[in-house]
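Please go over the structures that come below.
Look for chain A in each of the two complexes below; its partner is chain B in the first and chain C in the second.
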Partner chain A sequence: MAEVKLTPNKEIDLKVEADVITPDEFAGKGKSEIEQLLVWQGPSQYPLSDFFDVEGEGGSSAEDTTIVINGDVSRVKLIGAKMTAGKIIVKGSTGMHVGSQMAGGEIVVEGDADSWPGMEMTGGVLHIKGNAGDHVGSAYRGSWHGMKGGRLIIDGNARSQIGGGMTGGEIIIGGSIENFCGIRQTGGLIVVKGNAIRAVGAEMSGGTIVIGGNIQKFTPGMQNEGEESDLEFEDIKCSGTFKKFRGDFAIAKNPKGIVYAGKETNPDL
Partner chain B sequence: MVVKNVVCPVCGGSCEDIQVELKDNSITVKNACKMGNGKFQEVVSEHRIKDPMIKKDGKFVKVSWEEALDKAAEILANSRRPLLFMGSETSCEAQEVGLHMGEYLGGVVDSNATICHGPTCMGIQEAGLPTSTCGVAINRSDLNIYWGTNPLASMPRHMSKYGLFPRGYWTKRGRFDRKVITVDPRKTDTAVASDLHIQLQPNSDYELLNALLTILNGKTPHHSVEQVTGIAISVMEEMVDMMLEAKFGSINVGLGAGSSFGKHRNIEMALNLVKELNNNHGTKFRIGALRGHCNVAGFNQIATYLYGYPFALDFARGYARYNPGETSCVDLLREKDVDAALVLGADLVGHTPADSAKYLCQIPMVCIDIAPGPTPSGADVLLPGVIDAFECDGTFYRLDNVPVYFEPFTDSPFDFTKSNEDTMKQLFAKVKELKEKA
Partner chain C sequence: MAALIVKNGYVFDPLNEINGEVMDVFIKDGKIVSGLSEAEIKDAKVIDATGKTVMPGGVDSHTHIAGSKVNSGRFMRPEDHYKYNKPKTDITHSGCGETTKTVYLEGYEYAQMGYTTAFEAAVPPMKARHTHEEMRSIPMLDMGAYLVLGNNWFMMRYLKEGDMEKAAAYISWMMRAHKTYGIKCVNPAGVENWGWGENVSSLDEANIHFEITPREIIKGLCELNEELGIPMPMHLHANNLGHPGCYETTLESLAIPSKIKARQDLAVEWAETKIDPSRDRSIYLTHMQFNAFAGTSWRDFESGVKPLADYINKNEHVVIDSGCVPFGNATCMTGDGPSIHDIAVLTGGKWSNCDVDLECGSGVCPFTYLKNNPVHSVQWAMGLECLLLIDNPWQAIMTTDSPNGGPFTKYPIVMSWLMSNSFREQTFDECHKWANDRSELGGVDREMSLYDIAILTRANPAKTIGMVHRKGSLGIGADGDVTVYDIDPTKLDVNNHEELIRKFSRAAYTIKGGEIAVKDGEIVSLPNQRTYYSDITVDETAEKAMLADVKEWFRYYSIGFKHYPTPEKYLTNPTAINVNTEK
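Moving on to the complex of A and B:
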């Protein structure tokens, strides 16, 4: 497998949009060709080598190409956007839209990710080892369909609008979240191990959400359907006892969305 | 001479019945509210910015119009990513020039909605807007709901002109044919004048709207909603009954709904509530936002019809892109993602969070304004503004998105510019000249 190493070579002032950093673009290209790929900074385009030192060359295909980003790229947006295969490893934090609309392959972010990671993704694996911002795996503004497939794993915390409009795939969050998780969800699975603040599963009409921790402000349109223990969703297991709710009855007469909330952590529900 | 039917350029109400008499350096105003009168007094105010100025060594120095304009054009043409903030205290015609200049420069163009009813625009994108003009509400509405707003303070003539007291075709007795519900955490003057005051906990609007829709769908909301909102489910049911009994309801949302936690989701839910009432329950409702600033609706209208999005337009790639949180002015300033700014007819420094305001004052800034304030103080080039509706003609959009053409009752006090539109056009020409030279 061919490996391309990108090392940031200067402090970035205005944010850079680098949707060319994907195995699909790098495949079949030598070092100098990769250096000449154009990225956007404001309304101007510059070669990738203005911002990164490039080592190695792309493989024969996207599957065959691994990109390693050696450092912090929190002011670089759209890394791995629309990628279909191969692997990206970011040894630092990334800017907005990492893995946005990705369809396959794997991205590992060892630091944090800014908002919109995995927006409307349809396949592949996006693993963020730190925290993430808002709109994880969600739909673009005004769009009705968010993440459709693949898996999004966040080891730390994430903020609001996780899985907005989600229709398929899985989001697994190790830490806590804030507001409107799974808003307008119609399919797929969201598992949150920590706490949530507000409006879990608001406006959902399908799909499943599991919240292991405490929910501060529960969604009023949810109706209690008893309890279940030790949930299993193929390879994803959630141990313990959960209160089961169906909803959101505010948005539909016969919704099929399911929210599981930890029984011990939510004595008031 | 008394001039009648002058349009007031203060809030989104766009009152068009103001009478003014301007003589001996004083102005007498009739029909305007307190806020309106305050602005009309600006025509004769001693504070008015009368000279173009450039900041040299931290102090403003009076310069010629040409020199100030050259310096302003230089700042914009040399910028790698300028922010053009087209404030709401000016006409659509001036804002339009700003939008075209933003497209030409590949910059970002934003307006007051971004720090005001932007979430309302975003909610509309999520759920659609079942609305009408205020005229329909005057003639038909027998129930008025003020949600998260206190119009007696923010739009003093709303109740008398559009909301509560006007006598319409099917509401011949005015106030006596109408009921009023106010949803507000505070006991405001509007709340006191209402038939039902829903005094909810701050930042629980979403839960209350969600619960109302759940009741409409024939279910009882989850019991925790009483603790979250502070409102008993029985009171929510009473509110739903009042809504179902109404022949035509008018919901007026303010920033209490659009800018408390939940933001566009609150508005989206309110729009869903209106759609549900209209579709399945034998009553009719409309919803409208109480736009606080004069022409804040205008920018949303013209930006949408010219470029497809209501605010926060990023032209970096030559076409408009839109993503509030990424391309909106507060976020760009906080993230230090622009390197120069043009602010027209808005006090941006006074209305953005401290981090954003601080950065705005650090980068080169051109300001077009009529009176001193935080933004003019932070500017590097200060161009005197012309007061729209007083000194030049143009178009505002009223709170219900009705365009209102206005005519002046006096002339521009400057010989170098006739209006803010004129200033913007002169500036754009200079910017083009510099860019083409380079």
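Moving on to the complex of A and C:
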């Protein structure tokens, strides 16, 4: 397994769009070729080496290539976008659109991620050990076709519109979230261990959402279907007792969306 | 500007009945000439077109690329933009949008396919200023725009009262005021009813308040069109569009002007052509595919193209454009508000609707045509049927009603389906079986030639809209608009449709007004564009009386009268065409 190390070499002012930082692009390229890959900053293109010191070279294929980013890249967008294989480890925080449209491979972010991580992803694993912003695994603005496959894990908190338009795959969030989680969801699974503010599963017609903590304001178009305990979704287990709901009846006559809300954490439901 | 010689290519110029002859084309001062002097030849730029196909520049006679409904589409569809974008180059702007493109990209992408002329299909009078502002920002293309009049209060009032003199004066004044080119009629009488949440369902159903029927409006507008000698036939988007069974309404509508004689009265110097360049059609039906649905519901939906094509094959007064569906992303946008509402109910997605004061309405709705959808698959077949079942290519024009059936950038795919039976068969295998079961396309083995394609995409659109004095031919005196495709007709293999698509998508050269605009599919220069409009002569006293009516009803408008017309300064190289000067 070949490893390429990228070390940020300066403070970045205008954010950089670096969708070339993927194992797919690095595979088969030597150090100098990687340094010459072009990234956008505002209206201009610059070589990657303007922003990073490069060590090592790509493997023979994407699968054989690991990229380690040594430091904070919270002003670099689109890291790992559209990647299909291989691995990226970010030893800091990333900017927007990390793993956006990724189809395979693995990304680990040891710090936080800005908004849009795993937007419209179709496969692979994206693991963010810190917090994330809005639109985790969701559709791009204007579209209702969000994450289709793969797994997105956030150990900390995330904000709004998680899994918007999601049709498949899994999102697992260790902390709490804000509004409109699973809006327009038609498939897939979202598990949130902490709390949510409001509109969980708004306009959903399929898929499953599990909220372990408290939901401040519950979605009005949901109908109670009793209780279930110790949920299992293949390898994902949610222990405890949950109130089960179906919806969103505001959007469809016979919706198949399911929301589980922790029984003890939601005494008013 | 140095003269230009396109040397040694296989030339396809249907208006001059040139079918693949190896010839040179000479351009001087932006115009096609018969030859050059020795001194001029010495200085001339020479393009070696040996082994390549040479055609007049492409002409799109029906496309939606400018104005407020296109812009609504852009607002509504960020998702259409972020996956389809082009960076700037030294001479071009950046741009984005697969179906609702930025203005710059519209010009570039038409030119890259070898097109030099495009006419915007529907301008609500009040939105003319906006439309012109966009058109002047669309680079490279010569343009014009059709004025929507089928649900206009004044038009309906005069036609109901039978006051043809004022009606004619109104059309003449409106064309000049809004710098537009021809008459467009969208769902006549129906869009006015949509203001009340209604529609009309037959040609003889009178609408609310004006109590005028679609039949009366179509007849009236067709008569006025010929009385005024307008460059193009009345351009009709028929009633009931998009509803199963609508082909019957279309059939009836086409028969309405069957006895009206075409009269085109233009004070222009025609380019030299072997075929008479003047127009002989009295109705131009647009996006026939959307007007040709048969069946009674989506369950028994089928193609109704055959009966329409049979009628057109027997009746020379009709010309159509196809409105092909090449699958994939589209944005439906039309002046037919109620039909967009019906689409939005089907898709369950976002949509927008608009009522334009006393004039018309419009709607926008994103749409995706899927190969596994039975109805969409039939629509794909129907679009091709429109062009393949009509025997005379001079009665047909190839379009996708861009971006309603799909964006114009998919024209090369449509051309390849028309030329290659094996490509059609491959698509039958990939799409829903309804495409074959519910259309006649499977039984058609006609394969169009490059000559036919040149008729459908150049000669006939230009002839239909009365632009042969400049466009659609390589005759002496025509604009120096030439496309060179890297296709050797002697080695043409239509079974290799992928190569054909690639070559139609990226012209080897697009020459506009004698300037090389595109080389090997890349933009190399930005020739100036022009905007054409009709300046129609009518009797001054009728105009005065009509204007008094207009001013009286202007209290119902949301803008002041003096802000209504569009001054010429909104146009790039405004080019008036003097109409009705003989009378």
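In this section, the second predicted complex is superposed on the first by the 269 of 269 C-alpha atoms of A that agree within 3 Å, B and C clash if a C-alpha of one lies under 4 Å from a C-alpha of the other, contacts with A are read in each partner's own complex, and residues count from 1 in each chain.
Quick note on the criterion: a residue touches a chain if its C-beta (ideal position, glycine included) is under 8 Å from a C-beta of that chain, and two chains touch if they have at least 3 such contacts.
Fair warning: this is a prediction, and the values are worked out from it, not measured in the lab.
Q: Would chain B and chain C fit next to each other on chain A once aligned, or clash?
A: clash
Q: Is A:269 touching the first partner chain B, the second partner chain C, both, or neither of them?
A: first
Q: So in the superposed three-chain picture, is A:14 touching just chain B, just chain C, both, or none of them (first/second/both/neither)?
A: first
Q: After lining up the shared chain so the two structures overlap, which partner does A:141 touch, if you call chain B first and chain C second: first, second, both or neither?
A: In the superposition, A:141 contacts both chain B and chain C.
Q: For A:43, using the defined touch cut-off, is the partner it touches chain B, chain C, both, or neither? Pick first, second, both or neither.
A: The answer is both, since A:43 touches chain B and chain C.
Q: According to the stated criteria, A:248 is in contact with first (chain B), second (chain C), both, or neither; which is it?
A: It touches chain B, and chain C stays clear.
Q: Comparing chain C with chain B, which touches more residues belonging to chain A?
A: It is B that touches the greater number of chain A residues.
Q: Have a look at 309-317, 345-353 or 381-389 and say which bit of chain C overlaps chain B after the superposition.
A: 345-353
Q: I'd like to check the shared interface: which positions of chain A are touched by both chain B and chain C across the two complexes?
A: Shared contact residues on chain A (touching chain B in one complex, chain C in the other): 43, 140-142.
Q: Under the touch definition given earlier, write down the residues of chain A that touch chain B in their complex.
A: So the residues of chain A in touch with chain B come to 13-15, 17, 40-44, 96, 115-116, 134, 140-142, 179-180, 183, 198-199, 202-203, 217-224, 245, 248-253, 268-269.
Q: Which of the residues in chain A come into contact with chain C in the complex?
A: 43, 139-144
Q: Can you list the chain C residues touching chain A in their complex?
A: 76-80, 82, 88, 349-350
Q: Per the contact definition, I'd like the list of chain B residues that touch chain A in the complex.
A: 80-81, 105-107, 122, 125-126, 204, 206-207, 209-211, 213-214, 217-219, 221-222, 224-225, 227-228, 261-262, 265, 269, 272, 315-318, 322-326, 335-339
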